[in-house]
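For clarity, chains are labelled A, B, C, D, E and F in written order, and residue numbers in each chain start from 1.
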Amino acid sequence: MNQERKEPEYLFSEKQVADKSSIARRFLDTRSDLNEIVNKADNFLVKRFYNIDHNTYLEGAIPSKYKELMGLVASACLRCDDCINYHIIQSYRLGVTRAEQEEAINVALVVGGSIVIPHLRRAYEMLGELYR
Amino acid sequence: MNQERKEPEYLFSEKQVADKSSIARRFLDTRSDLNEIVNKADNFLVKRFYNIDHNTYLEGAIPSKYKELMGLVASACLRCDDCINYHIIQSYRLGVTRAEQEEAINVALVVGGSIVIPHLRRAYEMLGELYR
Amino acid sequence: MNQERKEPEYLFSEKQVADKSSIARRFLDTRSDLNEIVNKADNFLVKRFYNIDHNTYLEGAIPSKYKELMGLVASACLRCDDCINYHIIQSYRLGVTRAEQEEAINVALVVGGSIVIPHLRRAYEMLGELYR
Amino acid sequence: MNQERKEPEYLFSEKQVADKSSIARRFLDTRSDLNEIVNKADNFLVKRFYNIDHNTYLEGAIPSKYKELMGLVASACLRCDDCINYHIIQSYRLGVTRAEQEEAINVALVVGGSIVIPHLRRAYEMLGELYR
Amino acid sequence: MNQERKEPEYLFSEKQVADKSSIARRFLDTRSDLNEIVNKADNFLVKRFYNIDHNTYLEGAIPSKYKELMGLVASACLRCDDCINYHIIQSYRLGVTRAEQEEAINVALVVGGSIVIPHLRRAYEMLGELYR
Amino acid sequence: MNQERKEPEYLFSEKQVADKSSIARRFLDTRSDLNEIVNKADNFLVKRFYNIDHNTYLEGAIPSKYKELMGLVASACLRCDDCINYHIIQSYRLGVTRAEQEEAINVALVVGGSIVIPHLRRAYEMLGELYR
């Protein structure tokens, strides 16, 4: 049952996102530098975990774009700015509209409470750069 | 921008869900009893919060069914069995398939880690009763 | 600076609370049984921690009753039913009114989000028994 | 029951706080810039949530100053530096003493554990600037 | 680097643990029943996650018994009774002494705070049955 | 039972760690500056808590090095970069190998989920500087 397997089709490359938003660029650059360090360490279980993580968001019974938004909701509830940035960018690359991003963040706000607000503020700052 | 306003159309009533699953029935009965106690207390801010909570999952830029699944992901990440039960039931009532429920739970599992597993087990028990 | 030292004066004993509310009684009985098991183990650091814990809520710059309500807010935000029950009971024993209990829970609800609601429901059930 | 309605009377304006503490000023400036971005987005549910959030800390059965300190305890337990800064500033503006701030933080430290310590350190840095 | 691969040698079977402690037996029975339900669902990513989870605690640079105790610390900090029970049982099966179990729980208590205490109490109840 | 009392023997001083890693140095300097501010405030309960915290990691039934690694697992699960840095440094000073550090982080990754990844990345950056 439910093999989430097909790669989604991105409307925008990471490079295009970085060109639109300086916040996104800084985040993507740092993330890429640090991932290189992690990859070099070549830890067996970390690689397995990254692999599962990648598989989770592939096209399946639920379209990738909604799974990325679910990742956004989870990240905002658990209050991880890096994860929020990542899923906003991935959602954007899959054609998610600004209204959809805001509604997903609202689910996190209501479920997670006012403690989510500082992250919501920073998320809106990046949304402002991505959707001009 | 994005007013999440329209009530979704449910395929099943709470009563129908309770008839299919004894776990769902016990949960819905307890929830209903306790909500009556809360309603009688008539606390202004609690009522306002319940109202916002209700509005969050209405039809909007994102269809209600995906917002309920987002609520499920958030609930599983934050590890609240009652909230998990509620969003599984709401999703079921909106026609979400079992495969979609499982994929949403997988997002929570990967984001939230093995600490989610005991909740996943109990969620699968109810899924087994709902989707026979 | 700020030595939180004086024992507060309780208006009600644990026994009186247990007589008013069956939920409180069950909680206090279980807690007392388990604390006996912990005490017998006589673990040095656990005893030290219990001692600090006790000191935290003594009369000081902030009256004990407000510190117990702060403990309630923290417990509700971190979603621990046992801790919520404990601080509601302690607050009640110090003469906190129902309106004050509800306002404290509201702070937790707004800061912590809808994930707090299942705990709020159960808290209101005990409040209903304590304040008849 | 319990309508938390009346605005509290502040002893100090945000400007006065910013003049006393450079940490507070940086925080208030960033917060204000980002809130402007959020306000421009004009999201219906976000505005509703901000409104509830504001109402929660108004004068009521519990004085505003204690509710702000409860917000501080919740924020420190949930480990959000921005929220900690905000509630320390609000408490300060309502005339809360340093000893009271420290006792509130102690509740968070004991409930939340050593994971709170890095936030406590940063909180003490701002307290040092506010209460010279 | 670091392939955590070899199965640890258990001193006791799950059956022997269940015979010593009724709390452990109830937990293991429920866990086994629910795992059967999960296994039947045969979800690809869940199985992958279970596989990584299993690999994490195998003998490696760190002996399995300490990794199980690390799992215990993590579970107690994140306050999951099922996970606490599981890692206490696994540690017991690997020959961990009661004093070691208590010290691991103390790390969780100090890092996680008083919110861990209700879980510590229940953990001590099972420890009392396992180590008579 | 279990008095965790003896100071561990460190292979490296904090100064030697700071000389090896600029990330560690920045962290240790900031921590030291802020701890000075906290110490000056001379809060009774904070000092008591620091004392318990110190005692928790002393040599006992479990060697200090494994307790520091447990502190690392707890910190990574609860996602506190400062605490992660601290326990990596303490573990390093006690002769913990890189493979052991990675295995401990893997426990946190699997228990805590992908939300741990941004912290894992930053941890690997410091590990890279410490273990060249």
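The working rule: a contact is a pair of C-beta atoms (placed from the backbone, for glycine too) under 8 Å apart; a residue touches a chain by one contact, two chains touch by 3 or more.
The structure presented is a predicted model; accordingly, all values stated were derived computationally and were not measured.
> E-F versus D-E: which interface comes out with more C-beta contact pairs?
Looking at E-F and D-E side by side, E-F shows more C-beta contacts.
> Look at interface C-E and say which pair in B-F, B-D or A-D is its repeat, using the rule that over half of the contact pairs are identical by residue number.
A-D
> Given that chain B and chain D are copies of one sequence and touch, is their interface built from the same residue numbers on both sides (over half shared) or different ones?
same
> Centroid of chain A to centroid of chain B, CA atoms only: how many Å?
Distance between chain centres: 23 Å.
> Once you find the CA centre of chain A and the CA centre of chain E, what distance in Å lies between them?
32
> Go ahead and note the Å separation of the Cα centroids belonging to chain D and chain F.
Each chain's C-alpha centroid was found; their separation is 29 Å.
> Scan chain C for residues touching two or more other chains and write them down.
1-2, 4, 41, 43, 45, 49, 52-53, 56, 74-75, 77-78, 83, 102, 106, 109-112, 114-115
> Which positions of chain D touch chain E when the two form their complex?
Going through chain D, the ones touching chain E are 77, 109-116.
> For a test of understanding, state which residues of chain F touch chain A in their complex under the given definition.
It comes out as residues 79, 102, 106, 109-110, 114-115, 117-118, 120-122, 124-125, 127-128.
> Write out the stretch or stretches of chain A touching chain F in their complex.
My answer: residues 31, 34-35, 37-38, 41, 43, 45-46, 49, 53, 74-75, 78, 80, 82-83.
> Could you pull out which chain E residues touch chain F in their complex?
Going by the criterion above, the answer is residues 1-2, 4, 52-53, 56-57, 60-62, 66-67, 69-71, 73-75, 77-78, 83, 97-100, 102-104, 106-108, 110-112.
> Give every residue of chain D touching chain B within the complex, in rising order.
Listed in rising order, the residues are 1-4, 41-45, 48-49, 52, 55-56.
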